[in-house]
Each structure stands twice: as C-alpha cells, then as structure tokens.
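Both complexes below contain chain A, partnered by chain B and then by chain C.
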Partner chain A sequence: MNIAKPMLALVTGLLMTSSALAIDIRIGVLNDRSGIYADLSGEGSVIAARMAIEDFGAADKGINVEILSADHQNRPDVASTIARQWYDNDNVDVIADVPTSSAAIAVHEITREKNRVFIVSGAASSDLTGTMCSPNTAHWTYDTWALANGTGSAMVQEGFDSWYFLTADYAFGHALEADTSAVVEASGGEVLGTVRHPFPGQDFSSFLLQAQASGAKVIGLANAGGDTVNAIKQASEFGITQAGQALAGLLIFITDVDALGLNDAQGLVLTEAFYWDLNDETREWSERFEAQRGAKPTMVHAGVYSGVLHYLKAVEHAGSKDAELVMAAMRELPIEDPVMGGGELRIDGRKTHDMYLFRVKSPDESSGPWDYYEHLATIPAETAFRPLEDGGCELVN
Partner chain B sequence: MTDQTMSGAPVNEKTRQPLRVPVLHMGIFAALLIFFLAAPFFLYPVFLMKVLCFALFACAFNLLLGYGGLLSFGHAAFFGGASYISAHAAKMWGFTPELAVLLGTGAAAVLGLVIGSLAIRRQGIYFAMVTLAFAQMVFFFSLQAPFTGGEDGIQAVPRNLLFGLFDIRHDRAFYFFVLAICFGGVLLIYRIIHSPFGQVLKAIRENEQRSISLGYQVNRYKLAVFVISATLAGTAGATKALVFQLASLTDVHWTMSGEVVLMALLGGIHTIFGPIAGAALIVAMQNYFAGFGAWVTVLQGAIFVIAVLLFREGIVGVIGKWLKKPL
Partner chain C sequence: MFELLGIAPQALFGQLLLGLINGSFYAMLSLGLAVIFGLLNIINFTHGAQYMMGAFVAWMLLTYFGLSYWWALVLVPVIVGASGIVIERLMISRLYHLDHLYGLLLTFGLALIIQGLFRNQYGVSGMPYSIPPELQGGTNLGFMFLPNYRAWVVVASVVVCFGTWFLIEKTRLGAYLRAATENPTMVGAFGINVPRLITLTYGFGVGLAALAGVLAAPIYSVNPNMGADLIIIVFAVVVIGGMGSIMGAILTGFGLGLVEGLARVFYPEGSAVVIFVIMAIVLLIKPAGLFGRTA
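== the complex of A and B ==
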C-alpha cells in the first residue's frame, strides 16, 4: 500500500505531463491533543490546515493533499517516534505545528536528517532558527525572542519603564528574563530587580509581594504554562493591576486568558502574532474557524493555516515536493495571506510578520465572549524578530 | 543445572515434571529471540527498539519489586540519569555507542549505590518515598545543570561507529545492536533470579526476620539487588538515548517511575516475561493510539482498570496460572 500510492502518482504523472500537476502531498499535524497545550494547538491546528487546503484549492490544481494527525503528549520521545514513522513508512512530506520546544527540536533534527519540511507554529524556542538552525525548518508564528522584544520594547515606549521580574528558576525562565531585560534596557527602561521562583511553582504570594514592594511599573512574568496562570490568579487576589502596576505575560495565549477569565486576567499586557478581531479578513476567517472548532483561533492555529497555505503555493510554484526546491520556493515567493498578512521567510528559517501588543480588557470593557484584547501597538515585521546576524545560525554566512 | 531446576519451580507448587520449567523458559526465550530477529522486517524498527529498551527497564525494575520485594518509586533517576550521561558522552566527547552505553550504565551503578545504601534502611512506603525523594533531586539536577540543556534536553545525539569500525547509523543496523544489549540484559536478570543469590532474595522477600535468623546479611543482599536493578535500568536508559538521539526531562520525571511500575503490574510481577509484555503493551498504546488524539490517555486508563480488575496477577501471571507453570 505504501508503494502503491507513489507508483500511482508516478504513472499518472507520466501520463499527463502536459496538463495539471499530479502531486500527492501528506501533511502530518503533530501536537498535543490531550494535555495542557491541547486548546491552543490540538484539533484546531488540523482544522486550520484543512482550511488552508480548501482555500488554496488544492484539488483543482492537481495537488492531492492528505492530513495525518497525532498526539505527542508533549514528550520528545513520542514525538520522535511518530515523526520517524511518518517520514519512513507513511511518506509524510511536511510536519506542522509541534508545540513544546523539546519535542519540536527532536522533530527539527529528524526532518533535517530525512530531508523533508518542518513548519513550526506551536513551539517557542528561538534556538530553532539560531544555533540549531536547519535548511528544512520554517519557524512560522512566534518565538521567545519576539515575545520578549515585543512586550519589552513596546511597553517601555508606552511609558512602562521600570521593571521587576518574576522568573521561573530554570534555563527557559532565565533566558526569557535575560532577553527581556536586554530589550528593556536598550529601550531606555530600567530593571529594578528580579525574584526567582521554583519550577513548577504553586504559591507566588511572597514573590508577588516583593515585586509589589519594589515599586516597579511593570511586573514581568518570565515563566510559562501553569506557573503564569497561577501567578496571574494570585496577582489578581492581591489587586496588583488594580493598584496601578502592570503585569506583563511573556508567554501566554488567548486560550489562557479565556481559561482565567477577564476578572483575573484584566490589565495583563502581552504580545501575539494574531488576534481574531484585528481586521475584517481575520474576523471572517476566525468565524469560519469557530464554526468548526467552537472557539476562536489562537495565533498557533493562524500560523498553521498561513504556513500550510504558503507551503502549498511553493509546491505549485516548484512543481515538485522535493524539500530543497520547496524550501527555496517558500523563501522566494512573497508571503501574503488574509490571516497573518505579509512577510518573508528568511534564510535561517525565521518567518517574519507584524507582531501586536495587547492589553487584556476589564469585564466592563468587554462586549462578550472572546472580546478580550485592546490593541496597544503594532511591532513592524522588520524589528519584530531577532536580527539575522544575532542568531548564530551557520546558514547566514 | 540442578540449582536452576530447583529455583525455576517454587517449592510450594507441585510440579509433576520438575525438569520441564527451565526447558519451557528457554523455549520462550528462543521464540522471543526469533521473533525479535525477524521483527524489523515487518514492524517499524524504531518502535521495536523502544519496546526493547522499556522491556529491559521493566525487567530491571521487576527484579527489585518482584524478586526483592522492594517497591522503588524512583527508577526514573537511573534510567534518565544514564540517558543524559550516554547522550552527553556520545555528543560532546564523541564516544562510540558501546562506550557511551557502558559509561551511562556505570553512572547509574554509582547512583544506585549512593541512593540504595540510604534507601534500604527503611521499608515499605518509607522506602518508596526515599527513592522518590532522591529521584526528584536527580530531576532538579537535570533541570538546572548546564550540560543537560534544561527543558530542551540533549538533542541530535550522533550514532557513532560501533567499536569505531562499523557504521550502524541506519535504523535496522542499530536495531540489532539494541537487541543484543537488551536481550543480554534480560538473560542476565533471568540468571540472577535463578542463582543462589536470587534464592536468598526470595527468602528475604517472604520473611525477612527468618532470613536474618538464618544468618544472612539481609541489608547487603538488598543493597546488591538495588544496585543491580539500578545498573540495568541505566543500561536501558543509556541505550534509549542513542535510539531516539535525545535525552530529555521526560526520562527523569516521576511519571517515568510510575510508568515502569505500570508496565510491571500490567505484565505481572513475580514473573520473568511479564514486564516484557507490559512494556510492549504500554509502548504500543503510546505509539499506535497517538492518532486517537485526546482518547489516548482515556484508553490507557481504561485498559489499566480492566487489567487490574480481571488480571490481578498481570497478563503473564494469569497465563502462568492457566498453564500451572511459573513464567
């Protein structure tokens, strides 16, 4: 069965070389479908990929696309086994999404080895386009550098120029804090201090009180997942944002805000690559998405849509699914879609586009479900991502 | 030979033909070997390697629980610790696979000696909690130490030339290297269980006070079996790091300690082949149910509940009961 399909494609390809393309593409959507990231990626990413295939009109163009999906349970070993199996046995051409950095890096390395294409939307690590960069990976939606930079620089410009960090005490938290501090200081702000909390943390009260006592205008949350959610809940109990200090989340998604509720999350400032209520096109797309999913899309879903759409355009342009040709076409073609706007795919694998700074509305300001963000600033694509030469990617030279 | 015969058939069970049991065991081992030699030609090699590594891990754990009567809840420390050492050695120091596995195994042995010498002073739930506490220390060390790469783990670990001579980078070639290690490990465990040392262990498990009164240095036996179990768990972890070419926090997380308990229980403690069956079942569920999305954890839970309700002695334990032979 595994041999039959490509053979069939080959034969049909030979028979109709003059007419339309006859290419079989298999897209593997690999993400968390049962754990903490299931809401922000999960089945929604499969829906987003399917929407991209429909909008591209793949069937009419002679490109036959099939989607596979699997749950990696946020475990790198499970992700690694599935990715290998997909590439070796199931003839998967491109893997999309993959939240959790350790799992994404595992798939990133296997994709390089097997020479296929990897479109990252869910994972955050900026190392994917830095020291570990690969010619086969496109990092589509966001990364830790962009989030730190967006929130750090834009907030200082808005007048929030003194910061205090609440940092998860492990490598990820330290990196996020260091990146953001550098941006804050470069933009003319100052860092008054930092407090490290154990990972994973339960009780943040003493850390929050220290941060409150520092008198800083912003408390930066250099942590992720459950730690961020717990810290925000407890900050709300202390009335920190109501008392005038801003809370900046450095890695938080609209689904987290939805889960927290506006009462707890109000006043939080964060950076995202996408919000459903940005313009008519995003509203229209998000409505179609919501009809299938029952919830508004996250930026991870938007990234999967945009990435898969551009991949299919590149396949059509190259007239082949060979990874090298497709990646070259993806870099060459201008990126433009209704959801994430314009941008480019750089040589280090970073995809650039505008990023947005938002503040979470208070329950009074919100007009209903999913009306969560107030737009504060737009960070233009040219400055939203780490400069090419700073990443340490060997493909740059 | 007589020694093996004796221990193969526990004294309380009347085996009409005492010679049959070791013959049966050897037959099963031979069948398993033939199956695993042929398997990569019709099953996916990476999946099989994962099964083999976890089978060795579960057997090593079961040596301690099923035959030593000691429930450790911290075996992830040895499994994961060794996988970090072996991944680091292969990646940063360019160690050949066999040396990387040996180094990981050695590290697990030392760790087992340190943790074991403190843990065996307590019994029952206290023993389990002490091992869990040490495993958490190893977890936090792995999270913080610079060489482990934090939550990204050690990635892109190369498969170097075997003995510096043979290219085994390809999955199928590497499979036979893993098969040799894991099968060797399981056979070693079988031999240990049926040695005089294993007999004393079972005596201690059944009645510790009586073993002391018979003149055995009980704590020395417990420490020895703890170190052996930790060492072989380390071998499994070190091999796994090379199979997946990564070592990550999943390997040292407490859920990994839980998973190996689950494997041993599902397959059947007090059996030799039980942990292998349990490991194969759990790994197959993780792999082939991945497409079911959110249902994968629900299915895992349901299967565990069914197994606990219907096969109290584990799958292999129940089969052994039907056959009236210890498996």
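== the complex of A and C ==
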C-alpha cells in the first residue's frame, strides 16, 4: 500500500514519455539587430522562428523549444564568440539565420567542430555549400549562385551583355561577383572591370563614375542592404541610369525597395526566394507576420520560418536531437511548407526550391504600401541552384 | 591624351570634384565640433547623432507637416539646436570643471541612446527623401555630369563654413566668445552673461550638425546609423586639423575629402582607411594637428 502511489506515478510517467518525446531544444537566432541588415533579418527572424514553433505545435508533441537571440553586429569575431558561448555553455542545438557571409562562415566552421546544426537563411555566399561545405549546415533561402543565375542570365538575355561590378569588399561581395561573372561569361557576355568599395559605405559616387567611364551596359551591384540603397539613389542622381546604363541589383530585399521608394527603385530586375503576394498561403502567413513585426517579411524571414519548421519535423521524425540523425532526417523528409513551397535538402547542404524573377513596379502600377513586385518568371527548383557536381563539395560522392 | 597612372585626366577631375563634395560634409561637421571644442572644451561625441537627427527632422517635417526642403533648411537647425541647448543646460553644463573624459563619456552615451531610440522607432533601412524639384537634374561639365544638388551642397557648405569663421574670428560677438573661453571670470565682470554665451555656442554647433544632416538627407540614406558611420572620420579630420582650430577644421575637411576621392580611384579598398593613416602621420610629426597651437 505504501509503494502503490510511487509505482503508479512511475508507470504514468513511463506511459507519458512513450507517447510524447520530451526533448528540449534550444534555437539560437543570431543576426544583425542594430546595423544595416537589421530590418531584413533582426527581430523579424525571431518572430518567424516563433511562428514556426507555434505552427508545428511543438508543445503538444512533447518538444520543448526555447529561442535565444543575439546581435553579431555583422562581425565574424563577435559571431564566433557568441556561437561558441551558445554551444559550450548554453546548450544551443541549432543556430539559425546569420546574415553577412563572413560571420556565417565563422559560425559554419564552429558548428561543424561542435557537431550541431546550422540553418543559414540570411547569408549568401555559395561557398557554404561549395568548397567549404559541411554535413552540419543547411543553406536554406538563397545564395550568390542563385542570385547570379536569376538576375544575371535574365539581363544578358535582354541584351545587357557587358558588365562592370561595384562590389562590397568582403566574402559576400567577392562570391557574388565571382558567381555573376561566371554566369555572364557563360551566357556570352563580358565583364569589363570591377571596383571594390569598403563595407559598409556611404558615398558611392566615385565608384559609380568609374563604372560609368567603363562604358559597360550594366553596372552590377554586388552589395546589399543600405549599400545597395545608397548606390541606386546616387546612380539616379548622377544621371547614370538616365544616360542608358542599366543597374543590376544582385541582392535586393523588399525592405530595400521600401527604403528607396518606388520612384528610385522602379524597373529594377531582381531575384528573390519569396514574396508576400505570391499566393493565398504566403499572403496569409505574411499578414500574421506583419501583425507582429509591423512590416512585410523578407525572404530571409520566410527562410528562417521554413528552416526551423523543417528542423522540428526532423527532430520529431528522428526522435532525437543528435545533429547527425537530425540532419539525415532533414535530408530524407520531403520539404513542404506554406511559405516556401516544396523542395529538398541536398547532400552538400543546399536546400532547393523555386526562385522568382521580379521587376519593381512604377509608382503608378503599385496599389499601395508593399505592392512592389511584378512577377516576371519562376525559376524551377531544379535549375535555380548550382548543380551538385559543380560546387566542389567533398561530401558529394 | 596623356594619362596619369592609367587614369584619364577627365576622370581625375571628376573624382576630385566628388572629393570636394564629400569634403564639404566633413568640413561642416568638423567645424561644428571644432567650435564646440574650441569654446566649451567639450568633445561632443553626440555630433553624429545630431547630424542624423537633422536628416530625420527634415524627413518628419516633410512627412507629417508637408514642409518642403527649403523650410527644413531653416527650421531643422533651430529645432535640433534647441534640443542641444536643453542637453547643454541639463547635463553638459555640470561637467565644465571636470576632465575632458567626463564630457566625452556623457556625449558618447547620449549618442548611443539617441541612435537606439531612432532605430527602435524607424528601423535601419532608412527613409526616402527626395531632392527638391528646384535642384533636380544636372549639368554636363564635359568631364563629368554634375548633379545640381551636389553643386548646391558645395556652395552652401563653403558659405556656412566661412560665415562661421568670420563670425567667430572677425566680429565683436566672436571676440566676446573667445575672451570668455580664455578668462570667463574677467569677461563676466564686464557684464557679459558667460553661461548663456556658452549655451548658445553649443546650440549653434549642434545646429551646424543638423544643417549638414538636412543637406545630406536627399543624397544619403536617412537612417539612424548615418551619423555613427561618419563621426569617426570627422573626428579624425578635427584631430588632423588641430583640435579647436576653426580654419583648421574647414581646410582639413575639404582637403581630406580630396585625398579620399583620389584614394577611391587609385586604391578603392583603402579609401576607408586613408584618412586614419594621414591622422597617424600628422600626430607623429605635429601632435597638435596641422593648424593647432601647442598649449
């Protein structure tokens, strides 16, 4: 009689654990929360991760998820200090987002060393799934190859076949320039030159005039965020676009278009992995996001949502949070979500899905705030990303 | 056509002109800093935030009140200058008898708070602010296309800089100011309200930063970090020119703009550091700065 109660408790306890998982997961959202990429990632990515946890119904499935967040100030040294702290002392299982390729590369290496999981949404360098590829990294949203392939080949096809690059002088800019040059040359165009500007920059007029003097038909902006906004603004001010040279914004987020205003941004052709106004599901999701964030989501936010959601599905499937098992489950399970649609996670860590080519509307064509893009083409998942064998990833074969 | 190190002379003229335009921002900002340091002995680290406030208040006037750029040119320095006066009265005035470091820490902290508040409210992507219709378009100079707005910035900056220099160095009011910093007790004994003079000087210095912010709003992205990016360079300009030297700040501002412009042609990757390299050299050879007087 004395032991009946504890026995009962034990049996109930065992029963409960067998029906649910009881796994504690810690997700670290690491990104820029105060600098030039804070609007396109920042708090929005934390909101997206939280939405993924709610939509997955983690609590009901016995998976207890906690989110940590931190500001890496776009600096690789700060990013690696935080990543080490999170993995070593705070038992973080997965780090998500991490814009700024140099910072992402740092976290990528630490994640491999500590054998955890890294879901990249904000960073662009295609090296993450190329020569540097790791079994612990999933590159979710976009990369420099996909941007170059979308915007670069579309521009060359329209006859813009000579290029001059204005490149942000760090890992991301270099990768974007290299990938776009390859696409331009493969499509029959030529690259006349390049100028590398300090990151972040403020005044781009000198660099723009050098680009103008080159006589190239297209000035390729291999930079992002505030740098791109300033460069586009100043190109219009110096009459560069009016004089017939085209601008190719190789990485433009919807928040950049919002900051530029349609007057300056109209006509830009750009490649994105997500747009809020694609279909009913993206509209519904974006509305929920906007209610919390006060702005429409960028593709980086959508990628964090999609990546975290799939990660949790994989944990449930594997019944464990062991990095190797979870990554295997993430590759094995089909990827399907309302925001980024279907896709797969390849062995090199690249997640594939459809990419979209848009043109920025003129103020007359836009019906109001956030109605910015006209859909030009959908680049199917199979051709949107670099072929597996071309990346030089040692995990292939 | 002769070429200089592979650069056609036309291109070089263009780049020098652009350097001059950037230099005019450096000159205006470092002038405000030099005025405040020269007359108050305060190293005003809030200057970048006040420049940013200038651009933001211009944007607010346009967005919420429909007041054009020209109104902003007049109103913004007054509004932001007034906010500076409040800060001076409430906080900075308590630090005059202490070491420079206290003023530096206070103003640095204030800058972080102001930037944080704006970032929280408006995000970092920035606000669109268009060039006023009267100054749109440009002139083809043969070697480059000069936007009318940039030409206006250079002219406005030169006028403001030399007007300020004249006011401080050549007028009776300026003489009072300089005397008040030299010996406040004596000047006070002549019946001049020294604390008020000093408060107004701070307000004036802040107003200069705000005016530079209005001039910058149409060409740079109006965002909470715009001042933080610039202020470090401007401090280097002031150090090179000689802390507190009005003419030094003006001439070094324009001069370093030119040097940076050249660096952007010959070695773009190094253009962000060239000013600091010059600063290190100047400090080694002439620790008081090019135009500074050793105490």
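Here, the second predicted complex is superposed on the first by the 299 of 397 C-alpha atoms of A that agree within 3 Å, B and C clash if a C-alpha of one lies under 4 Å from a C-alpha of the other, contacts with A are read in each partner's own complex, and residues count from 1 in each chain.
Quick note on the criterion: a contact is a pair of C-beta atoms (placed from the backbone, for glycine too) under 8 Å apart; a residue touches a chain by one contact, two chains touch by 3 or more.
Source: prediction; values computed, not measured.
K.L.:
Check whether A:256 is in contact with chain B, with chain C, with both or with neither, and answer first, second, both or neither.
P.N.:
second
K.L.:
Tell me the contact category for A:80 with respect to chain B and chain C: first, second, both or neither.
P.N.:
first
K.L.:
Is A:102 contacted by the first partner chain B, the second partner chain C, both or neither?
P.N.:
first
K.L.:
Touching A:196 in the superposition: chain B (first), chain C (second), both, neither?
P.N.:
A:196 contacts chain C only, not chain B.
K.L.:
So, A:72: does it touch chain B (first), chain C (second), both, or neither?
P.N.:
The first partner, chain B, only.
K.L.:
Quick check on the superposed pair: does A:125 touch chain B, chain C, both, or neither? Answer first, second, both or neither.
P.N.:
A:125 contacts chain B only, not chain C.
K.L.:
Contacts for A:38 in the overlay, against chain B (first) and chain C (second): which applies, first, second, both or neither?
P.N.:
both
K.L.:
Which parts of chain A are touched by chain B and by chain C alike?
P.N.:
Common to the two interfaces on chain A: residues 34, 38, 42, 169.
K.L.:
Sort out for me which residues of chain A touch chain C in the complex.
P.N.:
Those residues of chain A that touch chain C are 34-40, 42, 169, 195-198, 200-203, 205-207, 209-210, 213, 225-226, 229-230, 233-234, 237-240, 243, 255-256, 258-261, 263-264, 295.
K.L.:
Along chain B, where are the residues that touch chain A in the complex?
P.N.:
Residues of chain B touching chain A: 44, 46-47, 50, 143-144, 149-153, 155-156, 171, 240, 244-246, 248-251, 286-287, 290-297.
K.L.:
Applying the document's contact rule, which stretches of chain C touch chain A when the two form their complex?
P.N.:
That would be residues 8, 11, 14-15, 18-19, 21-22, 116, 119, 123-128, 130-131, 138, 144-145, 147, 149-150, 219-221, 223, 225-226, 229-230, 261, 264-265, 268-269, 271-272 of chain C.
K.L.:
Which positions of chain A touch chain B when the two form their complex?
P.N.:
Touching chain B from chain A are residues 33-34, 38, 42-43, 68-73, 75-78, 80-82, 84-85, 88-89, 101-102, 105-106, 109, 125, 127, 132, 169-172, 199.
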